[in-house]
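Letters A, B, C, D, E and F mark the chains as written, and numbering starts fresh at 1 in each.
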Amino acid sequence: MKMVTAVIKHYKLDEVRKALTDVGVQGMTVVEVKGFGRQKGHLEVYRGVEYEVRFLPKVKIEVAVPDEKVEEVLQVIMDSARTGEIGDGKIFVYDLEEVVRIRTGERGHQAI
Amino acid sequence: MKMVTAVIKHYKLDEVRKALTDVGVQGMTVVEVKGFGRQKGHLEVYRGVEYEVRFLPKVKIEVAVPDEKVEEVLQVIMDSARTGEIGDGKIFVYDLEEVVRIRTGERGHQAI
Amino acid sequence: MKMVTAVIKHYKLDEVRKALTDVGVQGMTVVEVKGFGRQKGHLEVYRGVEYEVRFLPKVKIEVAVPDEKVEEVLQVIMDSARTGEIGDGKIFVYDLEEVVRIRTGERGHQAI
Amino acid sequence: MLRVFLLLTVAFIPSVASGADGDINAADTTWLLVSAALVMLMVPGLALFYGGMVRRKNVLSTLMHSFIILCIVSVLWVLWGYSLSFGPDFWMIIGSLKWFGLRGIVSEAAPAAPTVPHLVFVMFQGMFAAITPALITGAFAERIKFSAVVVFSVLWVTLVYAPVAHWVWGGGWIGEKVGALDFAGGTVVHINSAIAALVAAIVVGRRKGYLEEPIVPHNLTMTFLGASLLWFGWFGFNAGSALSAGHLAALAFTTTNTAAASGALGWTFIEWILKRRPTALGAVSGAVAGLVAITPAAGYVSALSSILIGLLAGVLCFLGVSLKPRLGYDDSLDVLGIHGVGGTWGALATGLFASTAVNPAGANGMFFGNPSLFLKQLIGVVATIIFCFVLSLLIFKVIDWTIGLRVSEEDEIKGLDLSQHGEEGYSL
Amino acid sequence: MLRVFLLLTVAFIPSVASGADGDINAADTTWLLVSAALVMLMVPGLALFYGGMVRRKNVLSTLMHSFIILCIVSVLWVLWGYSLSFGPDFWMIIGSLKWFGLRGIVSEAAPAAPTVPHLVFVMFQGMFAAITPALITGAFAERIKFSAVVVFSVLWVTLVYAPVAHWVWGGGWIGEKVGALDFAGGTVVHINSAIAALVAAIVVGRRKGYLEEPIVPHNLTMTFLGASLLWFGWFGFNAGSALSAGHLAALAFTTTNTAAASGALGWTFIEWILKRRPTALGAVSGAVAGLVAITPAAGYVSALSSILIGLLAGVLCFLGVSLKPRLGYDDSLDVLGIHGVGGTWGALATGLFASTAVNPAGANGMFFGNPSLFLKQLIGVVATIIFCFVLSLLIFKVIDWTIGLRVSEEDEIKGLDLSQHGEEGYSL
Amino acid sequence: MLRVFLLLTVAFIPSVASGADGDINAADTTWLLVSAALVMLMVPGLALFYGGMVRRKNVLSTLMHSFIILCIVSVLWVLWGYSLSFGPDFWMIIGSLKWFGLRGIVSEAAPAAPTVPHLVFVMFQGMFAAITPALITGAFAERIKFSAVVVFSVLWVTLVYAPVAHWVWGGGWIGEKVGALDFAGGTVVHINSAIAALVAAIVVGRRKGYLEEPIVPHNLTMTFLGASLLWFGWFGFNAGSALSAGHLAALAFTTTNTAAASGALGWTFIEWILKRRPTALGAVSGAVAGLVAITPAAGYVSALSSILIGLLAGVLCFLGVSLKPRLGYDDSLDVLGIHGVGGTWGALATGLFASTAVNPAGANGMFFGNPSLFLKQLIGVVATIIFCFVLSLLIFKVIDWTIGLRVSEEDEIKGLDLSQHGEEGYSL
């Protein structure tokens, strides 16, 4: 199993969630994060003093999937999260050694 | 070493923390997340318009443990976080290549 | 590729970001977390009743790097995040199977 | 420039002590000073009421809309607004500019409120002029350019508010000829702002994502606080409109409080029945609906009537607001659903429930044997609607053609706080 | 239905101008209008004070408790509440229903406040009736059904508040026979609400997790704002209770402000000493404690006495609140610890510090050679406690047996905002 | 102790009814009661204004600074503050302690305001004494010990505020001999607090990280609310300073509102031009700047002049604040930039724009042919600056040498809420 995580733009979350549900993903976890990357930040002005804010609000989604679904999920996220502009975000894939469903104690594929 | 992460219900956090401390876990990191899964969300009504909120507030705990403790920790989390209802959450286990304690520079097992 | 994550003190974030930028890191993701560890918490008093708060606010940074840069990045984080006091935090290194830049579809090293 | 200004200053200066204070009643003056301050507080109250309902990324811009309008109108009112609205009448249509810069407003009693200093009346009325355009901002929140708000408020107060205020209160045709009753501004303030809001919503267009993704209030405790300040300030708005501290103010205070409470109960219960859950946003919206509806009637109806007026306001506005998603436009914070529906119901209700037994200076309504009052109320309402619709349309179109009304899509996504003001509301 | 209502309306209508304004003093009227508005603002103030102390998931429900009570009591007061409390007396026990729907309350002076319009007095008193049950909600916050709050407020104001108000102020036995002093409602408002709160806490039971897991305030800045509005509004509560704008109001204003400040200092310093850190929650709680304690005494004691009353209120309430975890019940937001302890201390302190040299219309207290006043105060307190305890117990039990008081465990965990109102306070 | 206190109490008690109410005007009394309440509300308003601008970890401590000062000064004022400031004069320098504990302040009219009860005047002035040191706390926010704030406020009000208030209003040399005009406290309140703030900023030193890392406001909606309450309360501050409800109060109300609005517009437009974005923080800061500047002038200038005074205040304070990063010190929340710059501009502007045609009891300014007034204003300003600078320096140094002013670096990093108060503002 793999854990596919993606840092994406806030307002794309709903679209991505729908697209993932459509290909059979039944669960995911979402975290509010701040991203720093090629996308430049913005200026904020307080009492005449300017601050450059480099960290931009993003969301990170985490989706555990069986190995065979990884490519499909990658594609779906890329399609639904893309705007074509800098700051669209990144996907990171990790190996998952074990998954457990707490309620039932099921493990592995059944637990996803 | 492994990183055991678990998405659990908010009000179970204290119980889980205590249970883990009891089996010798000395550190963990907690993140506020929103979960989407089999557990159905809830309706919110604003000015007569209904919204289905699918993402539910959850907490994710991250505990780095030596390999030999993984099973014990899994069991402890399952026992302390279970209510038996849908939405109890999931545990994900990752391999950890390296751990460093910033203060001392210790690495590996010593650093956990 | 590896994902280097570090739980550090809040007010060290800016210093760490600068230090990482200096060694060529071009992106990172930051999450607000609560940490529990050797560093003791603090007492809060509400209406005469004391509560021990064990979870302390920390930030977690996540930096994807090519294998050959891991050691350098570890060193940089250790140097810039260290105060020498308990609670300085920990670094965890994971293996990254894949990285994708959503905007371009680039994969692997190019995508970092 | 400075020279000219100073010359003007010299020429216009009022003297606070030249007139004998003989005609002035200090108690009425105190009550109107307090009332003016209370109505001023309604503007930030409204800002918070609205600010809590938008998304986090637009909270400061929403607060700013009301705030900058308070500032602009406060200055404009001193310069030409008051004179246009209440200055010596031209053909029952508009006031003259004789009192430009409050020139000639020396230490005398207010013509329209002979027991208080003229300046107090100017200030009291100025607060009404400020809150009316602020109400409109609920329609175009979350997507309007800040510069457009600035220009809009100057034009709209001058071209729409001032004439209508003149017609109803300043010696114009609705008040003098038609004889419609409007105790504290049901037509001038609420219907007027609701129609402009409808126009704005149509011209500006829907928010990106409206009806497609959830757009939920970011801080209902802020909305709660705002509504509470509105209720509190409304005592000045309505009971202050008695222009003196006596039985009439007492009546208006009573009906105001009772209708606010009934409005909240009306909305709460209809929502409980139809949607299974009574919401806090509903309760405070209902209170505002009740306050809107009682505004024209406050000094003309009994306490019992105000219960009925309030209850129905709560129910009607709930229905009005629930209908919105089926209409095409996006009146973001329901200005039409609350001030339009509530204001119209209130104006008509005055024509039903008004009674000379309660206030001999008023008139009897339809339920007290005088259907003609209802007709007069209707004329006042329709005239305001038509005039306001046409002029507001013109104003918004002109702004759109010149400096533009709406921010770019990118700026809308980023949020108005960052794109228009370079700030963020919270860094928690 | 409508027919009947309209007939009622016609029959009951008061006329604002029929009476000569001769007896009415416009300045006193202004002061009482302002005071009524200030006391109204105390209700949202209280809502915020409480709302900040609960967990995030219950903030809207806590705000709603106070708000819906303001709405319900405002209407109920106009219908039968005022008449029961202040209407023509039956055997010194209860008022008649003669003034149901404010019938017959025409343009006349208030019997109990001859220089102001009757309606102003009705409104001023109505705000007291609204805030008293709102205070009680602090006891059952975070676990009560919304429907239970609605039913409770109707029953409690009718069956407990109205009689006690009648006894003390409306011509009943405590005020007339016993001769206990209660300037602005120490017994009627504070002791009364605290006893009902104790009953509620016992009947409803503890919050899930109470004393097991930390239950900490979610937003103390909201509590700070609420406390500030309470302090501000209390000027109307106490100085308004002079019912006229003169030396007595000035005295009550002075003692109120001084006791609030002293209460905050008392709590702050005792906490600093005993707990090593002076908290903001402590300071504002202490201010409220001081305000509670000075309420019955405000117009009867000197400024210096008010320092002592306030300081001790801060200390005693801190101790009272600190004791709570050792008692079995969960009075969530310390209604008993603050309003019970502070109110009792204030009622007794009036019996100690009152002085006819300060206010000849009052009485001398024990420290001024008249121990009998202390006794009278004690009788007033004890009578209220017994009556309120029994009736409140009955009311809460009846609600529990019928519609149920408490939400399900699942709903409690989810939070009342979602389970009772289908909303969330923040989406930051 | 108790014995002594009671003896004092007996000896000092004022009687509210012993004097005939003959001289007292109930309307003026009402207005001053309301004004005192409004000025009280300014203190929490200021607390929120400041509290929103600090980082989340210091919000409660910042709120506490203003709040505890309100409490301390309220008590101190009753004990010795009022007597020192307004008691029988010694050599035009200080009041006697004759009125210690408000002794002898029986039911009489206030010497300085003959139509209202003495106690009302005491309270009104007491609120001014409370807000002035609270303003100073903006300079040392985010790094001061709570104990230092407590000690500072006692010393500073006694040694700096009381004398200066006496000089200007209490029969001292600036008001009586120099003849400088200060309608509502430009010198006493604003310049005075700004100079002390400058001293504090220098003695306490910069915040850790100042100018190195971003230190941004954590909640600008809180700052917005605070500024709104300040504007609202300022009506009491300025129009209340007329000490009666008539033409003069009306004028002060008008100029106050107009200058606040103009100040916001001034700041908004200069920021729009120079920084490309008009900010919400700028707009509300500009309103406060306008309010500060009009304070000394409110009852002496025309409405048109108040537009100019306000506009320039907004522009000048924006420039003042923008300069700060280039000066060495860290006046965290810009007390000097706003109250210093605005207050000085206002005091001088009074010397320019004052006109006896507006208020015959005032004087003509330079623009009305009387340059000498400008000089008098300058003397008043300079004297206050020198005195306040020296005394404040002494006070802060003494505190630093004894109990220490500043928290440890660790506590500063952790935040004052946790380190000084053991609490957190939010647990959202």
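FYI, a residue touches a chain if its C-beta (ideal position, glycine included) is under 8 Å from a C-beta of that chain, and two chains touch if they have at least 3 such contacts.
These numbers were taken from a predicted model, which means no experiment stands behind them.
Q: What are the chains that chain B and chain C both touch?
A: Chains in contact with chain B as well as chain C: A, E.
Q: Looking at C-F and A-F, which one has the bigger number of contacting C-beta pairs?
A: Contact tally favours A-F.
Q: Compute the distance, rounded to whole Å, between the mean C-alpha positions of chain D and chain E.
A: Each chain reduced to its C-alpha mean, chain D and chain E end up 33 Å apart.
Q: Return the distance between the CA-based centres of chain B and chain F, expressed in whole Å.
A: Each chain reduced to its C-alpha mean, chain B and chain F end up 52 Å apart.
Q: Report, in whole Å, the distance between the mean C-alpha point of chain A and the mean C-alpha point of chain B.
A: 18
Q: Among the residues of chain B, pick out those that touch two or more other chains and give their numbers.
A: Correct list: 31-32, 44-46, 94-95.
Q: Residues of chain F touching 2+ other chains?
A: Each of 25-27, 30, 34, 216-217, 219, 225, 275, 277, 279, 281, 422-424, 426, 428 in chain F touches at least two other chains.
Q: Could you list each pair of chains that touch, in label order?
A: Taking the chains two at a time, the touching pairs are A-B, A-C, A-D, A-F, B-C, B-D, B-E, C-E, C-F, D-E, D-F, E-F.
Q: Which residues of chain C touch chain B once you look at their complex with the stated criterion?
A: It comes out as residues 2, 6-8, 31-38, 54-55, 58, 60, 70, 74, 77-78, 81-95.
Q: Within the complex, which stretch of chain D touches chain A?
A: Contact set of chain D toward chain A: 209, 213-214, 413-414, 418, 422-424.
Q: Quick check on the complex: what are the chain E residues that touch chain D?
A: Where chain E meets chain D, its residues are 5-6, 8-10, 12-19, 21, 24-27, 29-30, 33-34, 36-37, 40-41, 43-44, 47-48, 51, 59-61, 63-64, 67-68, 70-72, 74-75, 78-79, 101-102, 107, 116-120, 122-123, 126, 146, 219, 222, 225, 417, 420-428.
Q: Considering the complex alone, what residue numbers of chain C touch chain F?
A: Those residues of chain C that touch chain F are 11, 14, 42-46.
Q: Looking at the complex, which residues from chain D come into contact with chain E?
A: Against chain E, the touching part of chain D is residues 25-28, 30-31, 34, 38, 55-56, 216-221, 224-225, 228, 231-232, 235-236, 239, 244-251, 253-254, 257-258, 260-262, 264-265, 268, 275-281, 283-284, 287, 299, 302-305, 307-308, 353, 355, 357-361, 367-368, 426, 428.
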